[in-house]
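The structure is given below, and queries will be raised subsequently.
The first chain written gets the first letter, and so on, giving A, B and C; residue counts start at 1 in each chain.
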Amino acid sequence: MQTHLADWIKDTPEGIAAEAILRKCVHCGFCNATCPTYQLRGDELDGPRGRIYLIKQMLEGEPVSARTGLHLDRCLTCRACETTCPSGVQYGKLVDIGRAVAARKLERPWFDRLQRRVLAGVLPRPWLFAPLVTLGRWFRWLLPASLAAKVPADAPAAGARPPIRHARRMLVLAGCVQPALSPDINAAAARVLDRIGISLVEAEGAGCCGALRFHLDYQADGLQDMRRLIDAWWPLVEQGGIEAIVMTASGCGVTVKEYGHHLAGDPAYRDKAARISAMTRDLSEVLQAERVLLERALETTHETTHETASARLDSRATDKPDARSIAFHPPCTLQHGQQLRGVAEGILSAAGFKLVPVPDAHLCCGSAGTYSLLQPALSSQLQADKVAALQSGDASMILTANIGCQSHLAAAARLPVRHWVVALDERMAEMESFK
Amino acid sequence: MLSPLVDAVRAAAAGGGDGKARALRIAGGGSKDFYGRPTAGEPLDVRGYAGIVAYEPTELVVTARCGTPLAELEATLAASGQMLAFEPPHFGGPPDLQPPHSGGPPGPQPPYSGATATVGGMVAAGLGGPRRQAAGALRDFVLGVTILDGRGEVLSFGGQVMKNVAGYDVSRLMAGSLGTLGIILEVSLKTLPCPVMEETLQFEMPEDKAIATLNRWAGQPLPVTASAWCAGELHVRLSGAPVAVSAARERMGGVRIDADAAQRFWLSIREQSAVFFGAEDALVRPLWRLSVPSTTPAAALDRIEGARLIEWGGALRWAASGTDAATIRDVAAKAGGHATLFRAEAGLRERIGVFQPLAPAALAIHRQLKAAFDPHGIFNPGRMYAEF
Amino acid sequence: MGDPGVNIERQAQVRARLAALLPAESILFEREDTRPYECDGLSAYRQQPMLVVLPANEDEVRAVLVACHDMRVPVVPRGAGTGLSGGALPMGDGVLLSLARMKKILSLDPAARMARVQPGVRNLAISEAAAPYGLYYAPDPSSQIACTIGGNVAENSGGVHCLKYGLTVHNVARVRGLTIAGEVVEFGSEALDAAGYDLLALMIGSEGMLAVVTEVSVRLVPKPETARCIMASFDDVERAGDAVAGIIAAGIIPAGLEMMDQAATRAVEAFAHAGYDLEAKALLLCEADGNPEEVAGEIARMSEVLQRQGATAIRVSRSEAERLLFWAGRKAAFPAVGRISPDYYCMDGTIPRKRLGEMLRFIAAMEAKYGLRCPNVFHAGDGNLHPLILFDANVPDELHRTEQFAAEVLEKCIALGGTITGEHGVGIEKINQMCVQFSASELALMRGVKAAFDPDGLLNPAKNIPTLHRCAEHGGMHVRAGRLAHPELPRF
């Protein structure tokens, strides 16, 4: 596509990056087909191709108004468009640049600013967020309905963490909101990895990965969060003995994997960030790499088959869905952001779960970080569509891979929604009890 | 020769001494004179402009002039193992059934040695035979035309290639236009290889069950290429690779009928020499052609008295019926289709019209199109609709 | 803030009229909002529309048309904006009518194998909805993930399987449309034909110039039991072209017969990871479908022909996933070129298959003449070529050279007895070449066809059919297949 970037941005690092991305776009429009907001709104301006155009005209120096800001805000950053794009347009990186420029050029209304400030202030701080969730649970009856739905039911019990006993060790990120909402996830991950001879360790002082503030118009603060996390991890990484950094929330995973990109302009952190990104793995990647060990741990094949068959018979008798029949929701940050498709699903089916087909699995659930709070109308439509799709088969449970999607779906789903590693952990424990 | 036709049209358009344009009745072999409303006008025989202009089997295209006998065209294609897949009916002339050649594929054969049908008439009538249900209509095979319009100009549209979207699709518009838009001088048609093998199965079943069964089969990957139901008997033809045909036969059941008899049977449907078409005297009981969605239940046609024959997987219903035209047309329209007074004495065709009346907006477009092609209204006036 | 090309006063007048008919959020008029609509899939041609309207149903479409007809405002309909000929290029004094919001599947009758859909439904969405019944909608243009059925009707879109399954015109039973005056016209029917002239055939491929599509009934066909695809490598492009003729000569009509040259496969492989043979000068994809044994037989026969014609390697898809992967690469071919070039110009000529070699030599000569690269992707079975001229719109003069290159190729198609467009439409892009392909009288007749539907010339004017004036400017002499048509007749 032809571009004429304005002088004020042309030769800056972001201008150069934006131009390179824009030039790859051939305006074919394939991206709109898999864009959740285009599907809902049918307006070019609410699809990736139109947003690319809006960003382009802003960078070309055309006057912009709050409407360009609105269309950029409506983007979920799910990056389904990147999966669809045959031309290799890095939309996610372009929209980061576009939002940063828009934030500089446009003043948001005070309420919008306040909302973002509160979210950016609270969510990344576990010491602040956790007590608020508890308060929210107590005083749910006082909250407006829209917010009340967001406050999760009591957090599931985490269960015991195995002692750090193996020579093979990996770092795990606790995350900011996950410990308060679903402390069972990292505990389950630790138990599953412990069974195959890997111990998970958490670093002191590790906080938010930076994604929350970065995507709330506080890109500089987001980068600060990233540096802080690198600082917390670095001594352990330097020490050696850490094989990888494991991510149990794909939303954090996609961000940490891109630290190298985000901090490329910071000479003090550039190399550390690149090293951290290179070491970062989604939990599914870790287990996939250890597939042999995992399958050995799962080796109770004949019992499994027998037991599954009898479970099916039971379910037919009682007309209830098979307890092991699940609907998997691949988070956008996993399938599009990290381009990991089918990995967690493959592990689950190896463990004896039956995955029911889910229509439109490529579409976002509407959670998208703080999107569900900032764009409630679009978000709840996507949530309703996603829940309907996940519950259209005969699944007895919904599994996913990111805390954001998990709590968002749980607020509307009839079926229980859990992290897949929690289900895997339970399955392994159950099989051990058979042995 | 083209010049005499051009001269005749230009003269007719210019008119006589009074300056009034003279109507022309475009005439070929006359085999389809019965079809459409009667039209007055001075006959203009176009059979002199004849011959196959180009035929390249590997390009799957044949180009022929309007006067070319259809029988000649089909024989030429058959010699290369190809066919006109829409199985155009010839009509007219005495039935002269030829035995299928032994051993080889049962390719289409010129049905009547004395048949008079021409290529131009075939396109102008736009009719298809039994294979239409699977292969498509005549218009689906038209790739290009050269026409002589009402100003006496020779114009070409489309071409000899499989895909062509340059300009409006005037070529396909000519199919079935009954010569009212212009003289079809030359046409290029897509050809297809003859099926390697064909088999016909026979079933006993009532009308409703036949309709349901045909639709069920059509929803499955089965090589059904023709079907006909009449008086409790359903015939279905399968075509294709021997393995596909035999697999389908096993799935569908029925009684396999002898190849010669099958050939004769489908010819009798295509050429309307079957007992059903001949038993009723068109003068007493006109033959109606109802084109409806294939799933239209038999009961939807209850208001039409008389015998019925079903083709095209349920999408074509023939009725030899004395029921009044308004009722028949209403039945067809309610079912989502249309009715044609296919064969009847000329007076009736003139009086009640042949084709389903058009909605006002569509009629206006028809008239304006007619005026664009034939501004003086010289070609076959009234043959399609009394209004133009 | 208005566009210099848009008359603000006129815009305000028309906007006021439309504001009474549609919700405010369905009318875009600020430059910031309308500029992203300035082009369709052909971004080399751009024009900011006076207004963009996004109606949600047929009543709103009718209201817009009646108002525009009344005020003599041109209307350009648009679907997903994926067209490659500029057919949805807006007009500075016109309304761009987006049908993208009308995307409901109104009914799907598996017994009658018919789906009734609104124009904004995506091509692929129809097949997805039909899949549970073992049915699908056959035409599969490469943009099928995104393009809409309304756009397919406007362009008579093809696809990679149309040699066996036909184009849009062969698979659409009925179109409901509105004339510019807002009158409803039913084209075709859900039976196999309709009374009167075949207006449905005329409507399909009319580039939105005769009526605005508000509803389409499409035929669904049963999914073949199995399909398998051969990927054959050739060390010479012309030899691959001959192999195509060889397959047809053997009496086989493959379900798909596609060709890509080396430059194209290399661009595509980076996106699709389809396992294409990157060393081959040309790849042929040949598909057989049907009953498993029948498919095995046809694959064997085709392999034999390909081998005889000098294929250097033959691979047959081993699974449905692999077969889809072979096609995924082919279908993404155009945009994948975005990886190797900032811009591309896609041509769409069709020629008799036997002239393929000659055409390829000609294109190679043009690459040298204009100093531009041109990978090739073909629907080889149909003789439909998609040479992709690579250029950089930021380099002055490259677009101009590209246009000249393309014009020469299109005119060569006509000279070889073919056509300038097989499936993408004339749009704005090939309008000058229409003067070469058709005589003045033929174009006049086509203008008569347009006038029969739209006497005031308001619906997508300036596309498809050039004016006499434009042809005089282009200066091209109408010559068909290298000779003047009917030289024996006196000319007017």
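Please note the rule applied: a contact is a pair of C-beta atoms (placed from the backbone, for glycine too) under 8 Å apart; a residue touches a chain by one contact, two chains touch by 3 or more.
Please read all numbers here as calculations on a predicted model, not as lab measurements.
Counting C-beta pairs in contact, the chain pair with the highest total is B-C. Chain C has the C-alpha centroid lying closest to the overall centroid of all protein C-alpha atoms shown. Distance between chain A and chain C, defined via averaged C-alpha coordinates, is recorded as 38 Å. As a whole-number value, the distance joining the C-alpha centres of chain A and chain B reads 61 Å. Remark: chain B and chain C have CA centroids separated by 30 Å (rounded to whole angstrom). Contacts from chain C toward chain A in the complex involve residues 1, 28, 30-33, 35-37, 39-41, 43-44, 54, 80-82, 98, 100-101, 103, 120, 122, 124, 128, 143, 145-147, 268, 270-272, 332-339, 342-344, 393-394. On chain C, the positions that touch chain B within their shared complex are 109-114, 133-135, 155-156, 158, 162-163, 166-167, 169-170, 179, 183-186, 189-199, 201-202, 204-206, 210, 222-225, 245, 248-249, 251-253, 290-291, 293-294, 297-298, 350-354, 379, 381-384, 417-426, 430, 434, 437-439, 441-443, 445-446, 448-453, 455, 464-465, 480, 485-486, 488-489, 492. Residues 2-3, 6, 56-61, 81, 126, 132-133, 136-137, 139-140, 149, 151, 153-157, 159-170, 172-173, 175-177, 181, 192-193, 215-216, 218-223, 240-241, 243-244, 247-248, 291-295, 312, 315-316, 336-338, 340, 355-359, 361-362, 365-366, 368-369, 371-373, 384-385 of chain B touch chain C in their complex. Note for the complex: chain A touches chain C at residues 1-4, 23-34, 41-45, 49-50, 53-54, 57, 62-65, 67-68, 84-89, 359.
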